[in-house]
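Going in written order, the chains are labelled A, B, C and D, and every chain counts its residues from 1.
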Amino acid sequence: MTIVLFLVMIAAYGFGAFVALLGGRGPIGRWLVAAGAVIGAGAGCAFGAVVIISGQPFTLSIPELLPIAGGLALRLDPLGAFFLVVIGVGAIPAAIYGAGYTKAYENGRASLRLLGVMFNLFLLAMSLVTLADNVLTFLLMWEGMSLTSYFLVITESSEDGTLRAGNWYAAMTHAGLALLLAAFVLLMNGGAGAFADLRSSAGTLSPEARNLIFVLALLGFGSKAGIVPLHVWLPRAHPAAPSHVSALMSGVMIKLGVYGLLRVALDLLGGGPSWWGALVLGLGVASALLGVLYALMEHDLKRLLAYHSVENIGIIFIGLGAGLIFHSSHLMTLAALGFIGGLYHTINHASFKGLLFLGAGSVLHATGTRNMEEMGGLIKRMPWTALFFLVGSAAISALPPLNGFASEWLVFQSLLGGLNLPAPEIALTIPLAVGMLALTSGLAAACFVKAFGISFLAIPRSHEAENAHESPLSMRVGMMILALACVALGLAPFAVVPVLGGVLAGLGGLPDTRPVFTLDLSVHAPAGFAQISPTWIALGLLILLVLVPLVMRFMRVNRKLRVGDTWGCGRIGQTPRMEYTATSFAEPLRRVFAELYRPTKELSIDFHPESKYFVKSIKYSSRITPLFDRVLYDPLLRLVQRISRQVRRIQAGSLHLYLMYVAVILILLLIAARWF
Amino acid sequence: MNDALFSQLTTLGSSVILLYGFTLLWRKSLHAYTVAFQWQSVMLTGLFLIIGYFGHDVELYLVAGFLFILKVLILPRYLGKLEQRFPGERESRPYVNVATSLVVAGLLVLLAYAITRPLVLVSDLPTRGGLPLAVGLIFVGLFVIITRKKALTQIVGFLVMENGIALLAVLGTYGIPLIIELGVFLDVLMGFLVMQVFVYHIHDTFESIDVDQLNELRH
Amino acid sequence: MVITGYVLEIAQVILALLLAPGLAGFVRWLKARLQNRRGAPPWQPYFELRKLFGKEVVMSNNASWLFRIAPYIIFASTITVTLLVPMIVAPLALDGMGDLLMVVYLLLLGTFFLALAGLDPGTAFGGMGASREMTVAAIAEPTIALAIFGLALSAGSTNLGRIVTQELANTAVTLSPGHILAFVALFIVTLAETGRLPVDNPATHLELTMIHEAMILEYSGRYLALIEWASWLKLTIFFTLLSNLFVPWGIATTFDPAALAVAVIALIVKLAVLGGIIAVVETRVAKLRLFRVPELLGASFVLALLAVTSSFVLK
Amino acid sequence: MIFFLLLLPPLIASLLALLVRPNREFVGWVSALLSLISFGAAITIAAQTIAGDVPIWGLAINSLGLEGVLRADSLSALVLVCITGVAALTLFLSSGVGRVTHYDAKQLRRYQIFINLFIAAMLLAVSANNVGVMWIAIEATTIFSAFLIPLTLRKTSIEASWKYLLLSSVGIGLAFAGTVLAYFDFVSRSGRVENALNWTTLMATAPSLHPEVVRLAFVFLLIGFGTKAGIAPMHTWKPDAYGESPAPLGALMSSALFAVAIYAIARWKAVTDAVLGSGYSNNLLLALGMLSLIIAAFSVVRARNYKRMLAYSSVEHTGLICLGLALGPLGAFAALLHLVNHTVAKSLMFFLVGNIERAYRSPLIERVHGLLKVLPQTGGLFAVSLLALIGLPPFGLFVSEFALFRAGFALNQPVLMGITLVLMSIVFVSFIVHLNKMLYGTPTEGVIAGKADRLWNVAPLYISIGILVVLGLTLPTPLAILLKQSVEIIAK
């Protein structure tokens, strides 16, 4: 059963890649390529679902491949299966959407062949990451994933900036790989590196080694997940990539960083001291807050979404951090709650962030711009996209009864459990985390009022927006699936939470929490701590939305409606230039957090030649350089450049100098050999 | 008695050979270098014969013969051709001036003494006293190649280094196996030929045999 | 028994709907009095509602369908909240339906759509209002969350019913420093969330400093009625939270009619007192510059943090 | 006998090229076909060593020291296969040189003569048991290759060859001094024995040699052969020589010749370790290896010339292999595997670079744009093999580098390995950046794709890619055995 699904998955992706390689152009070609991905992802989903439900891991080992380190070993346990499902959830709509979206590349703006091949291989590599069961297999698949996604990022290589984005992505992801390599090889410590062995031998490692491994893994997986300060590639790569790819990378790929962290920290290392959790929590808070704050200042729709990925990864990490903290002090149920919150938010983010990126893609597709200041009024021109984007915005702003709320609620609850912690110094950090998390979600709401309001509502701000058109069916279907997913996941936490409990059962000695979180139409935090039922809430809202108008009709309120000009303080004829812009919308918050942003302003006023009382034009521009570019990356790059300038002096061109090197090293080594 | 004489002769010979190496440092004309190398090779041949005689090793006579033909007859002739081909080429200003060069060379020989101590201790051959000088000669050859600008000088320096190695071999081991020795001679000859071809090339393309103008390629 | 529970829920909603305009009117009237004006009678808002429901709607031609459904969503979400907040009886039948976080986020849902509706007509005023509203809401969030955290610490739950019953169980908690600090913090947040002075001026109608009014400037007729009603309801809810979560005395824990009657009276009294406090505050303080508001909320955040930590220490 | 099949074909080929004047195209084809014979011979030798017997050949003439002068154990077999493989590839591709290059018949004749001599010398060096013979052969490689670098006389090419010639000669001279010292030690221990210079004899008597002398000897040998291998700081000739030499020669030098030099070092390291234990040589190798890595890494950051960039990448890989050799059996395994991978990848690179330079008429990165558009075949292959070269899966170097790090961490060298990882990341990023500059963008004007990009002319390179992928995904049993035996030889 499982083996069949596994083979179908591989075959389908292979088929998709192969068709693309043959040059899948035109509607048929594009649909065949997409079909490969859809079937593959579907099979993957089913595969994962079967494993989760049955609880029976799937194992497959091919010793002939990669013989130098234990052969190619695959094993799908519930944890991996969950992420395989997440991949499917993200991939199916993205692929369908892509079938329509890639039509734009038919004109040779980018190589459809490369795109199609890499798209399918990317999905395959990601799926296999969740299956890898020894170190070399894992690293192989991991790097395969990075490589394919790199090629996807630089699909539109002709656009300027794309290659720079690609370079950043390559750099960060490779740095991550280096860290992971170190972590894993330390973990192997000379062995063949089968995960089972690591699990058993991890206990025998020295505490220092364990801590080192954890930190390396945290940073390595963090660079993929996009936690601060390793997030710099997201706001660069996501806008550059084709939208359905951004949806996949942001919705799914970065989640594999979460998977990796859980796998190593919880499963292989079996948890650690409480500062591990505190560290993860801290990074999570930082990522969440900085992510949303920079998102607020972005007017490039896709960059904004990219920064929100940082934010949401932060929220996920807060959940994981809480989980690890509780785990370290053996509050297993609470720990499970934290991890469940994290995992739940993982799949939720996959759905709504995927949706939002697809929506942004449709807007880009329709208006040809990512700049919100040139949009507006789209709700009338592309109603479906608008609706779906609205759903996504509400979901990511954690508004009930959508899915964002369910998972954030769980994270909150796990944090509220912090009062049971024995160690006060850790316990006292929890309230701060709570506050920051709340601030984050509030700011997120503000940010998406801006995102949706400025781009979709009011009057079009540009000619392109003026005559934008609704996107083709395939793209709408893609978005619709994810929108439905957002609603479903929001309404049915009572069904999801126990599943996640089952997924986590046994990892690092976590108990099976299925009995704790009962299956009525509500979600409980442990020990009857708290309880909500989004389902009932949704029902209530629905009833009221029907009831209120009925009552009003029954009360015979005036139902007349007249459409007139907007009241412009007596001024007739309203133009887009009077509208509030995204910049002005974000202005108050920019002032509030000016300390962080350090915006650089320049104002140049061009006076009329005759008299300086008449102003010809006023040019105002303001830039914000992100904190970590300022304090971390720019100096680093400068340093490397400086060193390399010095090192290049060695090759100065003079033969005598070169011979000198030989003589000097000879004499030095001779002296060393003689006396040391 | 016999051994004493033997060792004194060899040590004396090696010192003379080293001294010829030093002349490269204080003379400036290319002709002088050729002559110095020629005489050094003559001395080396003599040393081979001496060792062959005292060490009762017939093979060494043969080697000495080859050495004479190669390093006293053939190579100096080619060198002579070269230097006549480029009259007026002198080591007018080396990277390191004469005085300093001599001092450095002296230090190098001292270093050689220090470094080759174990060799002298290990060996029980009467010739062992010359070993440090041989290594010293290698260093001096190297030093010449590094500090002198003319391609020709560098060739001579290389040849001197070769002599140093040969000296080391003969002093330490009464000569390496014949066949290897021959192979080495062959290599030296071919290498020399290639080098002198290049000297012509350099002169044709750069209008001089100054090596320090070969600095197009960097970084 | 269960039936009575649900009946009470509905009764409570109706009660809240009826009280809300009165409360708003009362505060206005009291303010007028304190400022030596005669002012409109406390029941004025009821007339306003009737008038607005009677008028036709004039809608901007830039506005979209969102502009039209927003009032209903705002109204519905606010009412849903009233289903969760114990006003006269605790725990409510639907207590398990949502907790304090749910309350906060449902109100945020309303704010979210209100802000969008403000942007929809594309006026500068609407955008201004939306931007400021969201800013204030966002910065208020952490304080609310921490206040909730504080309450949860002492009550061991975030479900309101449980909090109230716990408090009634041991009144010592009620006067603990943590509790009082949390109360002050939440009070400040109430001022911000319900658009009172010194954060926003509910009395204004055309100022560059206005927030809430700026958003709903384009609304008229029944839509405006719904929105106004919802905002009054919001005020009532916050007052109820302040009163019943921190001084729960008088609230009924059984469905015994006498107790319920007492509870109703107690509720009205508490609301009146809080309304009085608000009125006094609004007559005493001047409106803050918008960019001073974060400082106020920051202060409230610190208070909340102190509240939580102190209750940690006391634990 | 097998050795004749191995060594004679290139000699015959060069003789043929010498006789046929003016050069004809068939010469190229004949030498290409002949190279297959040596390749077959090498394979056979490998098969024999795997089977466990060590082919050995010599002249039993007295006092000539030629008993067992030729000997090929697993290590030799491994390197022989590499050399002959690359040689065959080179000769097949450069048999096309007549058609796709601007070389005239005279140059081609010279090329055919010396390239074959060069190959023969390398084969001799590796199949020699007598370290003296090995030395002679390696010295010969310098001379023959020096004839080839300035195939077209330019200022730069002459400069490059002179530097190459002098540095290598000096280096190799030092290596000879080292050999003499070792021999001296041997003699002063056990008198003048015949074929004392045979590696086997040396190994046999190693335990009785004097540590102090061997310490000195190994320094000379490491510096000497290290110069040929391009270990920093003796690497300075590499960028010049690789940058100026014709593509086929570059391919041979960067892969085969490099392998030979490493082979020599490994042989002598075995002797030294037998005398001193592995600690001493390991430290020297670690030091020089790290130095090579550092210099290479920071040199590619600002590289402007893609051929020189490749040269620095070889310096980097030299460093890695040195580290490997110094990291015990696991490391030696990794190093040898890496040597094989590098041989395949680097030779591949040089042919592609040859095509690119021919098309763009410039070795400068900033002159090369839109490679994928202009030369789709070459460009694609270039991208792929560059990714392989910087150690990405599914190519061989990923696996060998992984093995290297495993060895390092297993030997508890986390700091060293950490630095190595950082440096390799720097190399990776720089390469990606440079690669992007070349692959994309609007094509440089005045670029002629030429025949070089025809599928047929690059077809053999797909084989190399294939090999790399195979080595990346699995390790064929024969190779595994060969590697294991070799490791036993050099790292007991």
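Going forward, a residue touches a chain if its C-beta (ideal position, glycine included) is under 8 Å from a C-beta of that chain, and two chains touch if they have at least 3 such contacts.
These numbers come from a predicted model, not from an experiment.
Undergrad: Quick check for the class: compute each chain's Cα centroid; which one is farthest from the centroid of chain D?
TA: With centres defined by C-alpha atoms, farthest from chain D sits C.
Undergrad: Skim through the chains and flag the pair connected by the most C-beta pairs in contact.
TA: After tallying contacts for each pair, the winner is A-C.
Undergrad: Chain B to chain D: how many Å between their CA centres?
TA: So the centroids are 31 Å from each other.
Undergrad: Between chain A and chain D, what is the separation of their C-alpha centroids in Å?
TA: Result: the chain centres lie 45 Å from each other.
Undergrad: Find the geometric centre of each of chain A and chain C from their Cα atoms only, then give the gap between the two centres in Å, rounded to an integer.
TA: 35
Undergrad: Give, as an integer number of Å, the spacing between the C-alpha centres of chain B and chain A.
TA: Taking the average C-alpha coordinate of chain A and of chain B, the gap between them is 70 Å.
Undergrad: Can you list every residue of chain A that touches 2 or more other chains, as numbers and ranges?
TA: Residues 648, 651, 655, 659, 662, 666, 670, 674 of chain A each touch two or more of the other chains.
Undergrad: Residues of chain B that touch two or more other chains: which are they?
TA: Those would be 115, 118, 142, 145, 211, 214-217, 219.
Undergrad: Every pair of chains that touch: which are they?
TA: A-B, A-C, A-D, B-D
Undergrad: Over in the complex, which chain D residues touch chain B? Could you list them?
TA: By the definition above, chain D touches chain B via 63-66, 130, 132-133, 136, 139-140, 142-143, 146-147, 150, 153, 155-156, 158-163, 165-166, 169-170, 173-174, 176-177, 180-181, 183-185, 187-188, 192, 194-197, 210, 212-213, 216, 239-240, 243-244, 299, 302-304, 308.
Undergrad: State the interface residues of chain A toward chain D in the complex, per the touch definition above.
TA: That would be residues 64-69, 136, 139-140, 143-144, 147, 154, 157-158, 163, 166-167, 170-171, 174-175, 178-179, 181-182, 185-186, 188-190, 212, 640-641, 643-648, 650-651, 655, 657-659, 661-662, 664-666, 669-670, 672-674 of chain A.
Undergrad: Please give the residue numbers of chain D that touch chain A in the complex, ascending.
TA: Per the touch definition, chain D meets chain A at residues 162-163, 166-167, 170-171, 174, 212, 215-216, 218-220, 222-223, 227, 233-234, 236-237, 239, 280, 284, 294-295, 298-299, 301-302, 330, 337, 387, 392-394, 398-399, 402-403, 405-406, 408-410, 414, 417-418, 421-422, 424-426, 428-429, 432-433, 436-437, 439-440, 473-475, 480.
Undergrad: In their shared complex, at which residues does chain B touch chain D?
TA: That would be residues 59, 115-116, 118-119, 121-125, 135, 138, 142, 145, 151, 154, 158, 161-162, 164-165, 168-169, 172-174, 176-180, 183-184, 186-187, 190-191, 194-195, 198, 201-202, 205-206, 211, 214-217, 219 of chain B.
Undergrad: Going by the contact rule set out above, which residues of chain A touch chain B in the complex?
TA: Contact set of chain A toward chain B: 648, 651-656, 659-660, 662-663, 666-667, 670-671, 674.
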